[in-house]
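Below are structures written as structure tokens.
Below are two complexes that have chain A in common, paired first with chain B and then with chain C.
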Partner chain A sequence: MRRREDAELLTGKGRFIGDLSRPGMAHAVFLRSPFPHARIGSIDADRARAMPGVHAVLTGADLPPDLGAQPNTHLFGERETPYYALARERVRYAGEPVAVIVADSAYLAEDARAQIVVDWDPLPSVGSVERALADDAPLVYDDLDWPDNVAATFEQEMGDVDRAFDEADVVVTERYRIQRQFACSLETRGVLAEWDANVDELTLWTSSQIVHIARDLLAAVLGLPEHRIRVLVPRLGGGFGAKFHFYPEETAVALAARATGRPVRWVEDRMESFLATVHAREQRVELSMAAREDGTITAVKGDLMGDMGAALHTVGYGPLWLTAVMITNVYEIPNARVRARAVVTNKTPLGSFRGWGQPQANFVVERTVDRLARELGRDRAELRRQNLIPPERLPRKSLHHTLDSGDYPACLDRAVALLSERGWPDRQGELRDQGRHVGIGISFYTENSALGPSRMLNEGGVQQGGYDIARMRVEPGGEVTLYTGLCEMGQGLTNALTQVCADNVGVHPDQITVVTGDSSQVPYTGYGTGASRGAAVGGAAVMKASRTVREKVLRIAGHMLEANPDDLEAEDGTIFVRGTRARSVTMADVGRAAYIRAIELPEGEDPGLEAIEAFDPPQFAWPYGANIAVVEVDVETGVVSFLDYIYVHDCGTIVNPTIVEGQIQGAVAQGIGAALFESLPYDDEGQPLFGSFMEYLLPTAAELPRLAMEHQHTPSPNIPGGMKGVGEAGTIGSPAAVVAAIEDALSPYGVRINETPVTPSAILSMIAEREVTAA
Partner chain B sequence: MKPPPFDYATPRSVDEVVEVLREAPDESSLLAGGQSLMPLLNMRMAQPRVVVDLNRAEGLGAIELTGEGRVRIGSMVRQRRLETDQELRDRLPLLTEAARHIAHVPIRMRGTVGGSLAHADPAAELPAAVCALEGRLLVRGTEVERTIPAGDFFLGALTSAIGPGELLVAVAIDTPPKGTGWAFHEVARTHGAFALAGAAALLHVGEDGGIDLARLALLGVGSVPYVPDWLGEMAVGEAPDESLFRRIGERAGDEVAPFDDVHASADYRRRVAGVLSARALAEAAGRSNGRASG
Partner chain C sequence: MTRRVSMTVNGRPVEADVEPRRLLADFLREDAHLYGTHLGCEHGVCGACTILLDGEPVRSCLMLAVQADGAELTTVEGLARADGLHPLQEAFREHHALQCGFCTPGFLLTSLYLIREQPDLDDEDEIREALSGNLCRCTGYQNIVDAVRDAAGRLRQESQTTKG
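Entry: the complex of A and B
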């Protein structure tokens, strides 16, 4: 099935926050901190407030005294890092909101912003984990009497790691640096708030992936009952996890609407988005691997430092935690130990981005396996194959999770076979003989999808469920309305849910309308739209609700047709006796009976044709796959170009192949962005060295390879329908494969690449260093 | 990202533009394709009192080809036309090749030749190409029209020889001798991003097999395009071989004074400028004497 929204979106008819308008609406802009760390003295906004067209200027001092701090729902045992809708008394990162200015237009609001005078008292600050952990480091939370800059330390161990390292034939240790990146969606964020003072009700349009969670968190911060707030999410131009967060601007714009008595809209501009939207990824990792001479990996230990920025945002240090617990990847490694320190710095808070902590875990593990292969003189694919968990030993518990199902070796074998079928590595040899630098890189990933079992989340400290609830209704005319708490953000989720619904209730997809993004209409979803759970958890809930309605449809139709419901089939809106379409009724006939002509219902059947069903997965679902990148490096300029890219994976049952392929292509693009292009560098004090797309480079179509993609299908044993998530998968294994390919291409120089992004400039200096060493 | 208030003027002729500029010579910004000025306005990094829109001024949008091989390109000619105008491509393929490296097609549809030259971004393609072509920039002021050789036009990063109250009207370029080879090489981190370094080259090999014309201009390696004044001495009369080009590249790399930024070190730019110089000269040599065209 083709994506149904494409005509609307491609012809510019999609309505996003920036397209919405309300009568009397005013526009907000934010004044943000220019300093990484500073005490706020007085703020003189008198001139700004007096300007024509300006309705209000709110600062931290104007916030209600009982306003709550912005909440964190992922509580893993950490120091609190309170921050508010607007900074109170001090700022801890450049870009932190300090005042909101409301005026008749964004132009006037920016004019007024330029007139505000803040008496700043800059404080010492830290711009990196290394600096934050130094003995004499300035403290990010000196005012809260923190002894150091560590918000939390997480440790976990399985097996006997020390013994395994003592008994190992080979030990390799590497240090890795993974840069800051962020979701950088095509649509920036935005909020439109309208406060009805008569009934004290707030309507909030927001670019969010978490309809009910945003509502609940806002209710908690404002001290309002949840049902006094209606959250609406219009079309989203991408989310990628950054819109999974609940932001200070959502609270501030709501307060601005209350203060001015007008609807107030704020649309994040592109430049502020680089500082105001959560960043992601940044870690320093030291990883050690122990192995026997025969290549069996016996233990792994990791020491992780996450640069969390100035506060633990909505998901706490969740991504860092996920990196830590996935440190054995897909391998049968019995002994593992991790320590992860969540370090605060004077930088934009870290948060979610497609893949969460998994790309980092994959990068450090896969690169270290490569190192081990070199140490042992083994083929990289073969060494992986030897250590993959074989299918007969699945499910298998790793540090925290239980990997569920699949055939990892078969997937890797197919990818390697495809590499040969496409002429590599013979061509690599030929090209090398011509003096060209061609490299092949391999990685294998799994993805933590279908999040997640509510009980497991709650036990771990997450203050959110992991279930999803779907409501579906056959209308009197036979059409179907499907309500989901998940959000359509361009990924095509509503298409997948439509297909699941159509198949399970027996109507044509064109008969289904999906309602999303309205907390007053759609059912509650435990976790929101993220963690690759839409098709798997949301799909399973839709399947359950659709089947419940179908049973009733068949009972009513059976009564109308004087047939046993068990002998009936429903397809494309027609219900007929199996084998003879002559005896049939339509969904409209059944709908009319259910709502209008109750006289046609079977004795004792309630009117109405609607069901609401919840699904809470008993376990996560674990898709997996192999990435093989083939690149060429121009050793005179350091420019990397792709010659080929192979992607073989298994995400269980595929609902819509086009969407799955699009998800993977897009996610691999972001992984390539991580490997080669995207970075948010700061100086030692926490001053950003970026500010626009001049510094933050996203890959374009011209930089990206066309994927040679193949699917394998192992249905998830834990999800009705067998779906596994797929949305994040492409980001996970791609950085390791691309960097491995570059390293392989540069093998004549013997460079080791443990840091991303790998820029042309970095490549030339690595080559130069090796040449100096060799000389 | 909204500009502060400004006045907006829409003169209909070059004379009217000059008239408007006379009123506020130091507080006016000229709007051509808007690909640099609009972001600067939106970021409030430029806060002119008057924005003078050149888009309705007649007489700035033509490409004129004269009999004796001279080309005059009006300052409001869109960059995209450098790629699509067949006659221009035949006469000045280096300009076409340079234009292809400017950002993306939609930007080239709006961006103008004059806008890019007047903006004088050290990483821009057209300034280097016009330097290699030894173009002359025609600047109109209140009283007089001045002709400024490209080598004297670029004074610093984002600074040209256009004075207050003046506007760039056109660039005039003499078609290089028949059979001159050309090449434009650049390295940017992504397609359409600002160049880390680049080289524009022209080279003609005489009938005796020796080089009789060699020109080179580098971009991205300093505050203005770098044009080696020693190139003729080093190259003319020599055979066009790789080792010569490599030596030229190495010398060029040694002499430029590039800067560090988040994308690349100064040392990288220096090295790659040399590599691209050698490559561009070699490719231009290969195209010389009509061995390849178009």
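Entry: the complex of A and C
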């Protein structure tokens, strides 16, 4: 099936947030803190306000006194880290918004911004968890009397970890550093707000993955009833989790629209995005693994530190929590203990990025399994296979979740077989004999998807549901309108939902229109668009609504055809008696009866042809897969190039293979970016050492491999339709596989790589270090 | 202080009074209302705003509108033909070479130039190298590479048919 949005996007007709305008619209820009930590003295904006074409300058002092702090919806027991639409008295990270300037054009607003004078009083600051946890560390929240910089400590344990370590034949311990990255969708964020003062209603267009959540949070912050706010989401130029958050700019632009009486639009510029959009990933992890001599892993324990930046954003320390509870990956490890500390620093707040905490968990576990294999002199794939949970022992509870279904060993075996079929590792040997540095790296992942069971989320502290609600309507003319609270951000979700709807109601996909991104039209979705839940949870809700409507369609058609509804089939908009297409009515006939000619309805049947159904998954789903990377390292330049990349996975029922493959290709690219290039470094004080695409390197076509991909299919036992979800999968196992391959390629030098990104200069210095040691 | 600029965009004359500092990309989007040219970085790295200026690819975020005075421009809106999509657009659609579509206009115009310059283009590594000035965050590029190779083939065939 062709994607329905492609023709529009290919001809330049897609309308993104930056393409929208309203009559009389003004443009906003933000003045941001240049300091990681400072008291704000006076702000002199008189000259800016007096400039022609300038409509308003708002600062923290101009905010309504009862304005709420920006909310965190993931409450796991942590200290509060209040921050507002605009900083009040204090800034805690470079880039924190301090003032919003509204003018006739963004050019004029920037001119006016340059005229604002702020009297800053810089304060001591911290730019890393190591520094933040030092005894004499400056405190990020000294004004709130925090005793240290730890916002929360999370601990969980199963089994008897100490005993397992005491009795172990082998113990390996490694320390890992995972860098800061961010989602970096190619479209930055943006907001357009229009406030109707006559009725005190706000319309907010925003580049968001969370239509209703954004509306509700904004309502809470502004003290408005939810239905006074209409949130609209235009085309999104990618989201990848960063647009899952509710940002200060959404509140500030709404307030600017109210203050000026005009529609106001703000579009984040790229430089700004590096500081203003949530960062992700950064952790320090110490991981220990205990095993018996025969290779059985008996226990794992992890000590995690998450660099949360200056505040807990919309999802709190959720990603760090997820890393912690996935510390046994897919292995049958009976004993596990984790401690995770959410540490605040004077850096941009940490938040969501495709995969959340899972790439980190996978990296530290998989790299440690490699270490164990080396320690035991075992083949890396074989050691994994030995410890994978066998299919007959699924479902199985791990630290927090219950892994659901599948055949992990079969998946790993297929990936390894594919590696052989493609000529590796023989070719590796030949190339090595020629003096080339070729390496193979393996990882196995699982993905926490179909998020999630609402009760479980609420019990855990998440102030959001995990269900989805779909509304599906057959119109009088027989066409179908499908309403979903999930957002299309480029992943093609609306196509998958269209297919599910078409199959379950019996119309052709071309007869279906999907409505998204309008809080006044679409049903509420518990958790917004993320956590690989669209196809699974959204798809199941669409399936339920479509089936409910179909039953009514068949009842009405049965009455019209004088046939038993059980004997009817519906296909491509025609309803016919099974076996004889001669006796049929069309969906338009049924629609007409349902809305216009009630006289044609069966006795007692209500008019209308519409259903609204919720689906709340009873369990999460757990897709899984194997990544195998084959790389070559140029030891003169430190450059890594891919020779092959194998990806074998199982994401349950696949609705649309093309879209699934596209999701994996794109996500693996982001995982490779994590492994090799992308980083947001700060100095010790929290000054950013990046600011453009010259420092933040996204992978290009020249660096990335072609994927050799195979699918396996174990339908989810908990999701109607069997879909498990796939959106994040590719980001999870790829960093570990790539880094393992580099380490393998550099085996003559005996390097250990526990830190990403593995840049050319990092490789050259590792080699140089080993050469010095050897000499 | 403004200056009058006039240029031909997608075969149509466009005129406006602009400030000398106005970016060409902003001119195309805000003055000519051609929103298909997207801004992904405004510092010349991502390539989303790539257009053709007198047949050569340029980054419209790195040029001022006044510098394009008198020039002939092609944007993504000028690509489709009277009877449907351009073969390059068709190939992108068939190969699922776009997801969110934000980078797509830049890729299309870069590729159009590339195929015109090298009608024999077929080698994957060459295509990858030639596309490495455009960033895509969704696709991992594999399908874009396939689409460009396929489009080059289609256009070769088309030109042979025309000649024959």
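The rule is short, and it goes like this: the second predicted complex is superposed on the first by the 775 of 775 C-alpha atoms of A that agree within 3 Å, B and C clash if a C-alpha of one lies under 4 Å from a C-alpha of the other, contacts with A are read in each partner's own complex, and residues count from 1 in each chain.
As a convention for this text, a residue touches a chain if its C-beta (ideal position, glycine included) is under 8 Å from a C-beta of that chain, and two chains touch if they have at least 3 such contacts.
All values reported here derive from a predicted model rather than from experimental measurement.
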Problem set entry | Partner chain(s) touched by A:Gly18 [first = chain B, second = chain C, both, neither] | second
Problem set entry | Partner chain(s) touched by A:Met694 [first = chain B, second = chain C, both, neither] | both
For this session: Classify the contacts of A:Ser679 with the two partner chains as first (chain B alone), second (chain C alone), both, or neither.
Result: first
For this session: For A:Ile659, select first, second, both or neither according to whether it touches chain B, chain C, the two together, or no partner.
Result: second
Exercise. Can A:Gln712 be said to touch chain B (first), chain C (second), both, or neither?
Worked result: neither
Exercise. Touching A:Ala7, do we find chain B (first), chain C (second), both, or neither?
Worked result: second
Exercise. Looking at the overlay, what does A:Glu636 touch: chain B (first), chain C (second), both, or neither?
Worked result: first
For this session: In the overlay, answer first, second, both or neither for which of chain B and chain C A:Met489 touches.
Result: second
Exercise. Touching A:Asp111, do we find chain B (first), chain C (second), both, or neither?
Worked result: first
Exercise. Who contacts more of chain A, chain B or chain C?
Worked result: C
For this session: Once the two structures are superposed, pull the chain A residues common to the chain B and chain C interfaces.
Result: 107, 269-271, 694, 698, 700, 702-703
Exercise. Where on chain A is chain C touching in the complex?
Worked result: 2-3, 5-16, 18-19, 107, 184-188, 235-238, 240, 269-271, 489-492, 658-659, 661-662, 665-670, 692-694, 698, 700-704, 706-707
For this session: Could you pull out which chain C residues touch chain A in their complex?
Result: 19, 21-22, 29, 34-43, 45-46, 48, 75-77, 79-80, 85, 89, 92-94, 96, 98-105, 108, 124, 127-129, 131-145
For this session: Quick one: which bits of chain B touch chain A in the complex? Just the residue numbers, please.
Result: 1-5, 43-44, 187, 189-194, 196, 262-265, 267-268, 271-272, 275-276
For this session: Can you check the complex and tell me which residues of chain A touch chain B?
Result: 105-107, 110-111, 114, 269-271, 636-639, 677, 679, 681, 689-690, 694-695, 697-700, 702-703, 759-761, 764-765
